[in-house]
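Shared between the two complexes below is chain A, which pairs with chain B and chain C, respectively.
Here is the complex of A and B:
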């Protein structure tokens, strides 16, 4: 397969190419039209139901404490209290939590771009004796429930004196089997002739990887970075275990802390909902802009079982 | 000869940046936890006491363990099956000749992107027994209110609803891809032969998308065994252990009662279940899954 082929494969991965062939102006029989109507109605209802918790979160965050405890609940707040959002934002160091999450997630993304592509490149375009076992190991990593080994990982991190530090948060998450796998899939579609051509020109593997190969799998990098960022921003269990210092809390742990304390101070639900809403906001914005790329991750990871 | 050794070394060098953390934080701990499961330790005492199989025999003779195992199985079946069946149903609905389904797709997928902790908090409010939305909806269809997170039968259902809500759009997108890759000519040929929609679904669609189904069921099962965030936020394993999965029991015995040995034994059992299920699905896939 040559470069143009692999380009085409990547392009074809784009979602939404399917249904276009049906858009011609054919005359549709009445029965089918009714069928379509029903499907539309079902789709609208289901989509609204799926998005409803978000709506509920945002609007509950705008209500007064009085109103939120009324039954039956009001579907639109009687008065808009943006002050709840400000109150929530100021009653815990949310700016700090968000900075922590974004900072840690970005660092992890950068490291994973480097180590996952080097590993994936070695597994696809370099010859060495341990290639088979290493590939098997990466595949096996997919099947291991990481959460189950948090206890020994915690003890190891303790031995390394990395508990309660940014370094610990970053290093312990610095490898992802998913990322390696995704890039491996991408590199497999790039012709090995390119590597050989590069070597004839006297380029090292390192140069070939970063100047010739990487630009060809840009879209896989985009998917990998977005998924890793989302995962790390949302990460809760592991970061919570390895940090006791409140200043190092990631946004989910911070939010959960606020939730528990809010409970102790007489259930300040509007503020809690407001805090949840602004925690989610960056991700929904990211999703709105990078929808296609994020959903492409599905196309790419679906290839896992084909090899 | 020297060149060959150089090449080997260079390749190993390329794998190291990923290999080292992989060994330190994935495969190393995997071996370590098997060892820990044969010991007794509380994070404090200077030495780990070797106790053989004691942690396992203790677990296997106590009702708490079986309760957690039961919850794990219920949670597993109660989330994996609805996510797969529901995801496929939504994908079939969306795959038909409809215009502008992009927005719907995005709305259904969006829960997957958002942090579990934040959405679980929002859902806790929906499940509030006195003024929550869930009981309002039940009231509309004439069912008397339930205690949801405070009720030992309904708490697990509530946690499952949140889990399904979060992943159903994700599995739908998997199926959308699989459905779009179906060979159109096969469908048309079947239609000419007089096959109805159900025949085509049973005879062509279902077998051809079986690799996706297998992949999803493995990944979702592993995910369900690892569910923590939503349980921690919504119920913390309660009430009365009704939402305490094996993983949550593992967490509690490790980090709340500092019982390293017992916790490790639970973890080993979780890992064994994973290995067993993955192996089983592969065996099953040889007979049932159709790879084109």
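Here is the complex of A and C:
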């Protein structure tokens, strides 16, 4: 299939979608209407159930401690205590934690985009000896549980004097077999003729990768970046293990520390809820903007699902 | 291609690492022999003019964390030979996790607020006997003996007690007064149960005010069984004796109080320490007359409302013998001799009479020396706050915490049995017999 072919298919698909939309404008039989209504009701219930914990977290952050413990629970805070959020924010350096998490996650994303795409390109569109076994070996690396390599990885970081530093946090996470495989799947969809065409025109592998391939699999990149970012932002145990300077804490370790110190082991629930709410705020914002891509990612990463 | 090679190196490495993981774990135990031997020649080491800098890892937060920071600063100012750099973790578990990685990579802190008998046996911790022998000011006889004994592994001192904890009773002064009960008379569990029954208020068959709230978990039921003369293991250490009459009678009492008489209540489950604070909350909010809690709770309580007393004993048996356990610190064997020396200096500073007394006053934990009772500041403090000396007095006739030879399997069995009795209303005899069978088979497995 060449480019014009694929475009045609794409156009047909567009048309098909248009047709469907047209049909939905027509009068629908009663039976189907009821069926649709039931479907919507079910969907509404399910989505409310999904959203409820978030709602509960945010509103609990506005309640008083007594109100949180009250039974039956109140669904809307009696009095809005924004001060809980301010208290929580001020009682631990959350700005620092969030900066750390975002900074580290962004760096990791950038590095992974570069190295994972190069790797994926090599695995799909380059010919070299032992390519098959090599691919299998990478895949095998994917089967090893991360927890099993904590200790050896720690020792290597120690030898490299990278413990307790941003560099260590970033470098130790800068290769992800998951990302490689996600991109590999995407590269496999691109026809090899494109690469050959580029080679005929004298383009280097590097050029082919960045000017021909990358634009074609933009959405896979977006998915990879989003997944990596969310994963790194939430990362807890490994960053906790390799850092000891409180200034290097990521947001999850910071939140845990706050739970113990500021939250007095769960005595001050409003503050804990408030802190939890604003630490996941960046992810919610990200979701709001990248909703479509994240939805797509569910589809795309299905073949290479994590864990 | 170049990139390909790089990648192959990385992924190949991850495989190699995984393979070496099991190997490493095995190596861990064998390397253990050497460092402790290297450590023993320390005391004679000459002091250099430059101060020795050591790291001290501790998993404390909040009030305790702040007090620890203050103590470290005070130590650093008090002398110019050692500089302690405190590094805080979220809790004791995190300290141990990080220490494990640190030991594996040979990049260790000298001093840690953590103790592990297995690790001491494997040589990860340095034996302190030589350091203690070289220190003329180390008065072993002044320490609370149960605390010091806990740090001994196979006869050698590996850990030093930093502070202690024990479970004591906190009661509402107004509730006892209203019922006309003298707290001094509550020296047996029988008397306490009578008082609890008297103070309990019920409405329509439902209890609205509980006479007492034991803390969830096996801890204080073990305390009560020990007070009655029970023991976890037989003297030769070969039989698990948690199904003896002492245990069954004790635990059956608790089951009856909780489920049949409904004069006591257990808060269980929840997130982290939720059950603990719910229990405290009940007492502070006048929903229960008192509870069994930790000596460390004193920082959270309002002693205008509550007061503390020792755990009761049993009628005809004698005074209570609850467990008092020390939070211990150790010196990591892989630290250099100078660092070990420095760490020992820091520990002895922390354990000085005035410091351990000060720590006790600020945190509610137990001072580790008997002489703390004579410390002028402590004396003055305990006149105004009588609760502070209750745990220390209880510690003087306390039991040593059970050190599980199976690495936690016996304790687990007890924990399950406690849940059965406290939550599921299973007769104590059945729960403890089951626990004994399980614990015994675990014990047999290791003694073979």
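Quick notes on this one:
The criterion applied here is as follows: the second predicted complex is superposed on the first by the 256 of 307 C-alpha atoms of A that agree within 3 Å, B and C clash if a C-alpha of one lies under 4 Å from a C-alpha of the other, contacts with A are read in each partner's own complex, and residues count from 1 in each chain.
The criterion applied here is as follows: a residue touches a chain if its C-beta (ideal position, glycine included) is under 8 Å from a C-beta of that chain, and two chains touch if they have at least 3 such contacts.
Just so it is clear, the structure is predicted and the values come from calculations on it, not from any experiment.
Once chain A is used to superpose the two complexes, chain B occupies space that clashes with chain C. Of the two partner chains, chain B and chain C are each touched by A:155. By the touch criterion stated above, A:163 is placed in contact with chain C alone, chain B being left untouched. By the document's definition of touching, neither partner reaches A:80: not chain B, not chain C.
Look at A:47: by the touch rule set out above, it reaches chain B but stays clear of chain C.
In the superposition on chain A, A:252 contacts chain B only, with no contact to chain C. Touch counts on chain A: comparing chain C and chain B, the chain ahead is B. When the two complexes are overlaid on their common chain A, residue A:137 makes contact with chain B and with chain C alike.
Judged by the touch definition given at the top, the superposed model places A:115 against both chain B and chain C. After overlaying the two complexes on the shared chain, residue contacts for A:172 are found with chain B alone; chain C is out of touch. Judged by the touch definition given at the top, the superposed model places A:197 against neither chain B nor chain C. When both structures are laid over each other on chain A, chain C collides with chain B only at 19-27; the other stretches in 19-27, 109-117, 217-225 or 271-279 stay clear.
Comparing which residues of chain A touch chain B with which touch chain C, the overlap comprises 69, 115, 118-119, 122, 126, 128, 134, 137, 141, 144, 148-153, 155-156, 175, 177, 180, 241, 253, 256, 259. Put simply, chain B touches chain A in their complex at residues 7-8, 10-12, 14-15, 17-19, 21-22, 24-30, 32-33, 36, 90, 93-99, 101-111, 113-119, 121-123, 125-126, 130-131, 133, 136, 165, 168-170, 173-174, 176-178, 180, 211-212, 214-215, 218, 222, 225-226, 228-229, 232-233, 247, 250-251, 254-255, 260, 263-264, 267, 270-271, 274-275, 278, 291.
Against chain C, in their complex, chain A makes its touches with residues 69, 115, 118-119, 122, 126, 128, 134, 137-138, 140-141, 144, 148-156, 158-159, 163, 175, 177, 180, 240-242, 244, 246, 253, 256-257, 259-262, 264-267. Looking at the complex, you find that chain A touches chain B at residues 15-19, 22-23, 36, 39-40, 42-44, 46-48, 50-51, 53-54, 56-57, 60, 68-73, 111, 114-116, 118-119, 121-123, 126-131, 134, 137, 141, 143-153, 155-156, 171-172, 174-175, 177, 180, 205, 230, 233-234, 236-237, 241, 251-253, 255-256, 259, 269, 272-273, 276, 279-280, 283-284, 286-288, 291, 294-295, 298-299, 302, 304-306. Taken in their complex, chain C has these residues touching chain A: 1, 3-4, 6-8, 10-12, 14-15, 17-18, 20-21, 24, 57, 61-62, 65, 87-91, 94, 97-98, 100-101, 104-107, 270-274, 276-277, 281, 300.
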